[in-house]
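Each of the next two complexes has subunit A plus one more chain, namely subunit B in the first and subunit C in the second.
Coming up: the complex of A and B.
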């Protein structure tokens, strides 16, 4: 462990060098990136399978996005919020049946083989479409990928597919894996899943379970003068309380994904040499959602669901549970999404009296002891905040005469109970909004999804009108019409409450101020860090 | 009476008894002093202790009253400690008596089962059991009992082995008493005192195990427990350490009290036996 501590001697040597170079103007020196150095980041989970083309999840991206690159990355300033990576341009046809990608030239895989359109075709047809959790939905109508030359890939769809959706999906869904390594054996148990080979700025070096992942600089990276860093170490620190201590002790440089507990941020922001950054998660908005099992006759009644929505004090949730690092939700699309968000939806103000009146109206009078009915509440175990919200919701429901029994499970048991066995009445989930409702939001309310698909509608909710709307939006090509349909979608969900959106939040990065170019794109923690550098 | 006087003469036993009495008073008076659900939100979040006298020990991250949690938590700790110890001693005494008295194959079978349970660390056993059965107060009690009955069983068996050769047991046999009657009416009551001496250790261990399970998130989430309070406080350890320290101190005092009182009792009964 101590191998990777920033040694005092190293820091001293660095500062002596700085003293010696005071001839340079201070401002200029601060702007000039230096090459070299090792970045040590905290990792709170330790995925074994590091193939982002199969498992498009933030836990995998956090490490793998430095090794395996997508066709395009999210950007604050680029056109349509994108900047090129392996593709240099993309264009959709008017009929929605083809999308043409021009690919970057002169890119090589970490084993030296050239990157070509064949790799993209292979990844799309053999990995994203059949195997990837999100790609299954977005690329379901992808029929073929034509490769007229080594640097052009033309995606052909069997049915019109909105180009807007494909574009929004590029950063998260299009990690390209090398065909020559994956075509030789079964994709699911290919050795490159645990020791990935990509085109990114860093090569996979080693993984010591329980200790660290190590990535090394890839010298032949296509980006000019990139990467800046020589090495990235992900130190496995599953204990959230430990990350703050490690930052202060200068054992790590960076803790992303709110590895430092929210309650500790105020204190640590005052520590010299440490900065708290809430930028860089704009396209990774998590939503705090109450999932409802509509098979329960009480919960199938819209009035009861409205009563529950009125019983939740969203301001309290934002201020006390998230300490202000969240926003109250109005519906299934987060406020920070500029393309699709609509505030024109029915809202549910915190009003206990109204909630009680609604329940009385629905015919659930208070019985003995003031209880109307009892139900089971399953908070997802992934975040402190989801668990705390479970404690809060139980109290909020007690105020309106609903006796909620909390059931805590580990991650695997929770997924089985909610998404396979449906043994819940209310559950608390943190789904992710990925920049387009069709990627991972509509499946939360759509009917007809097989049992066992995690983060989907497993509450037995079926609304033919809403299903029709979702289906129509999925094949509408005109971006403005598509947006209009999703505005209706938001209104309908907020009105009928198949689930209750409570709050939405991005994560917090805490980094030592010597680390530069942090949070410079809207999904920075899971981008490639090619331009990140360390001072001194 | 003499025993009581002797018990009172040992200062540590008195201290232990006082702590236990205070704990008992806390547990019994909890619903009276704090009639509301201790998990209900009572005030602003993260209020420090001794700021507001309606919330003397402050509030936690959600604004729940720490004092109410402490009182209600005492109920959970005591309930688990006493129930698990009673269960462990009951099972242990029965298994030990049967094994010691019957001997032969039954003895072999029962003792190998005991061995099997003893080789698995009690805490791991409890952890596995609660993970499978789901966290609730009852499963936590059963889980702790599962790991704690082997000690009493071994001691009971050893005692029974020596007692069963005594004359009065032979006498009972001669007058034609049923073997089970001999085992449980003649032998067990005499084998029990050394087994009971274990009880304080078991209670203390059970309270700690329960706290550890709650700390790991495997306690009953619908009840306040001290272990759960410590775990909750851990996230804000640096900015609000009192949230972990207060229930931690309560836990230490309780275990200490149980242990001291238990030691005192053993001591008292030992001197009485020596005198007799």
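Coming up: the complex of A and C.
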């Protein structure tokens, strides 16, 4: 256990840390972890439902992942990028019809009851498959879970399901909830959804709405010498300016998910005792995407879409809007994905003259005042960066004679306008790549999705060839063949441009340097923090 | 006493009409806003078409607006504020949990702006046109012109981040386990900055009103008579001028209670105070119509109650008010 910790620290120290220069030597020095203490982290929202088995979203995981554990967690060093949690091993059969999990022994729920394979079977069949936002897709063919003994769970699928997909889905989709608490009343209204009970290193203590969540150390946790901390407090700070101030005033230790705005990072990185860390979000990559309504006849023309792609200066977007904390995209899979990413795709260099030529070719000549046609542009309101990119795109389109009218909505209104009513021509969205294109990426371009589904193809794009490719990849069992199909997928999307991928970014953690073992896995902010400790 | 009872009865009848108008107006406004509670919800969690349909059914959003309004009004008639979809809890519980913080913030800020405003108004109005008067008038106007959130942020940077004298937000120290007097002191310390930011903005109104009122009273015959009688200046200012100029300020106090509630939305957000204003903001973002209606209703009742109290006070101070139907 202890060499494991050391090797992970080695990874940490060797990676690109954007720490304040004064804090750097301290971070490199090997230190013996101390136990105890209270960690205070900033939270910007309070999810109404804290059950990660039902709502697999980062807002929920940020708090709930310390309480409720998945079968496996993402890892920088583990095999296939995974590290065991509630499962100690996992194996898929050659026919893609079964997956066998060996479960950890000696694990107890926070109420003292033992954790068994019955809990896994219940969670999979009663929660992940029918209720979970992502599980409904990945576990749709799950038929039964056999439990030959208390520590073995065998998932049986009705149709061949790629083991690679199941494996990639383990960290985010397999939070296990206690059967004995959930079988007694309706799952959606269960009290454990707001006061979760799990097997994790911390137990839920209290939630004061509008003020804080408090988690307490679980003494009977299975991890040796874990957790290190006595308490974690999530302090609710709704104002964007508050987190940076609270860190400086030493009222909080940590602000994850870019709670400190990018524009403040340079200043705060110079404050002694505070570090800015861009690691720990590798499997939670957000993508800046221009969604296109293909019902508009101009936008149904591939040349017009190519012209728009050529009109966007991705490097400028990365440098000016993301202040360098992002990467220019080439296609629908982010560059930092080691399994699926392919750079062998058509690219669209920033070239205004070419964009103008393409539009002329498509037959949209400049009319009065130099305008070719007008369209409506709806930036998603969820991030500062999506809104700022809306302003940029409007100007970039003006350069090529397209007059874009910006329509700014709040979250609910944007959801309705774009994903239900389709009253947009271009929209700007921040979808998430979750480690496998089949989880939440192919849905962005696939046809036949009902109205109202967020972060899906609502632009009326239908390409039978691409649909066939997606369907084939979904049932291909061989990992290499599957990867090859997704390489074709990337090529086809980049060529036909059902949407335009502009940039991809992870978040930034800002922490006091007294907090140790920060960002030591690729989804650290939403992992269990069992080995995190605090100095002094 | 009879007079006061008549006033209360008349006010209560009027209030019911006011509340109905407020509820209907808020409901229509929220209906006109694009997107509903389910749209707001799926943005944060995602979901497929069948889940969205199921949620609409469970939250009663598949019904027409008229039906939902009728259901709301009929449950309201039974004094039931309904269930919040954003919090999955009864609205009344959610609101009552946040109400004390807002009342504390508003009450302290009102007291600060009223007392300090009146005092400075007397200082300024005792010698209209003097340097002291000019300085106070311009200074208070400058404060009035400053946006509340900006003043709040500046105070945070100075007193919490740089000097570290005061906490930068929240209503009390998190999970401190304090009770009784130490807890009250802790809350008071947390309230200093938000109360100052909110109170200073409204201070100018009281100051200027007091000053103008005093300047007017100075010109009245009885003041001249008092001066002719050789009464000292200080006594004239306090007993004769200020006392008469104070009456309109009491009216202002009632009217300002509504504006203060609006201002607290911003201040609560800047200082992370878990109050009603922030709750209202969350309710709008989540399109939680029943919760927002509940908040508006409670706020309206609050404003009506304050105004009633002011009227009663006024009736006590000035016997001409409320003595019969045609007065006031």
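Following the convention adopted for this analysis, the second predicted complex is superposed on the first by the 506 of 536 C-alpha atoms of A that agree within 3 Å, B and C clash if a C-alpha of one lies under 4 Å from a C-alpha of the other, contacts with A are read in each partner's own complex, and residues count from 1 in each chain.
Criterion: a contact is a pair of C-beta atoms (placed from the backbone, for glycine too) under 8 Å apart; a residue touches a chain by one contact, two chains touch by 3 or more.
These figures come from a predicted structure and were not determined experimentally.
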Greater subunit A contact set [subunit C / subunit B]: C
Which of subunit B and subunit C A:220 touches, first, second, both or neither: neither
First (subunit B), second (subunit C), both or neither touched by A:241: both
Partner chain(s) touched by A:410 [first = subunit B, second = subunit C, both, neither]: both
Touched partner set for A:320, first subunit B, second subunit C, both or neither: first
Partner chain in contact with A:468 - subunit B first, subunit C second, else both or neither: neither
Subunit B versus subunit C as contact partner of A:94, first or second or both or neither: neither
Partner chain(s) touched by A:263 [first = subunit B, second = subunit C, both, neither]: first
Which superposed partner A:395 touches (first subunit B, second subunit C, both, neither): first
Common ground on subunit A, meaning residues reached by subunit C in one complex and by subunit B in the other: 241, 409-410
For the subunit A and subunit B complex, residues of the former touching the latter: 240-241, 244, 261, 263-264, 266-267, 320-321, 381, 384, 387-388, 390-392, 394-395, 398, 405-410
Complex contact set, residues of subunit A against subunit C: 40, 45, 47-49, 55, 57, 59-60, 131, 133-134, 136-137, 189, 194, 206, 208-212, 214, 231, 233, 235-239, 241-242, 245-246, 248-249, 251, 382, 409-417, 420, 440, 449-455
Touching residues (chain side subunit B, partner subunit A) in the complex: 37, 39-41, 45-46, 61-63, 131, 134-135, 217-218, 221-222, 234-240
Interface residues, subunit C side, partner subunit A - complex: 33-37, 39-40, 42-49, 51-52, 86-88, 94, 97-98, 153, 156-157, 160-161, 164, 167-171, 174-175, 269-270, 272-275, 278-279, 285-287
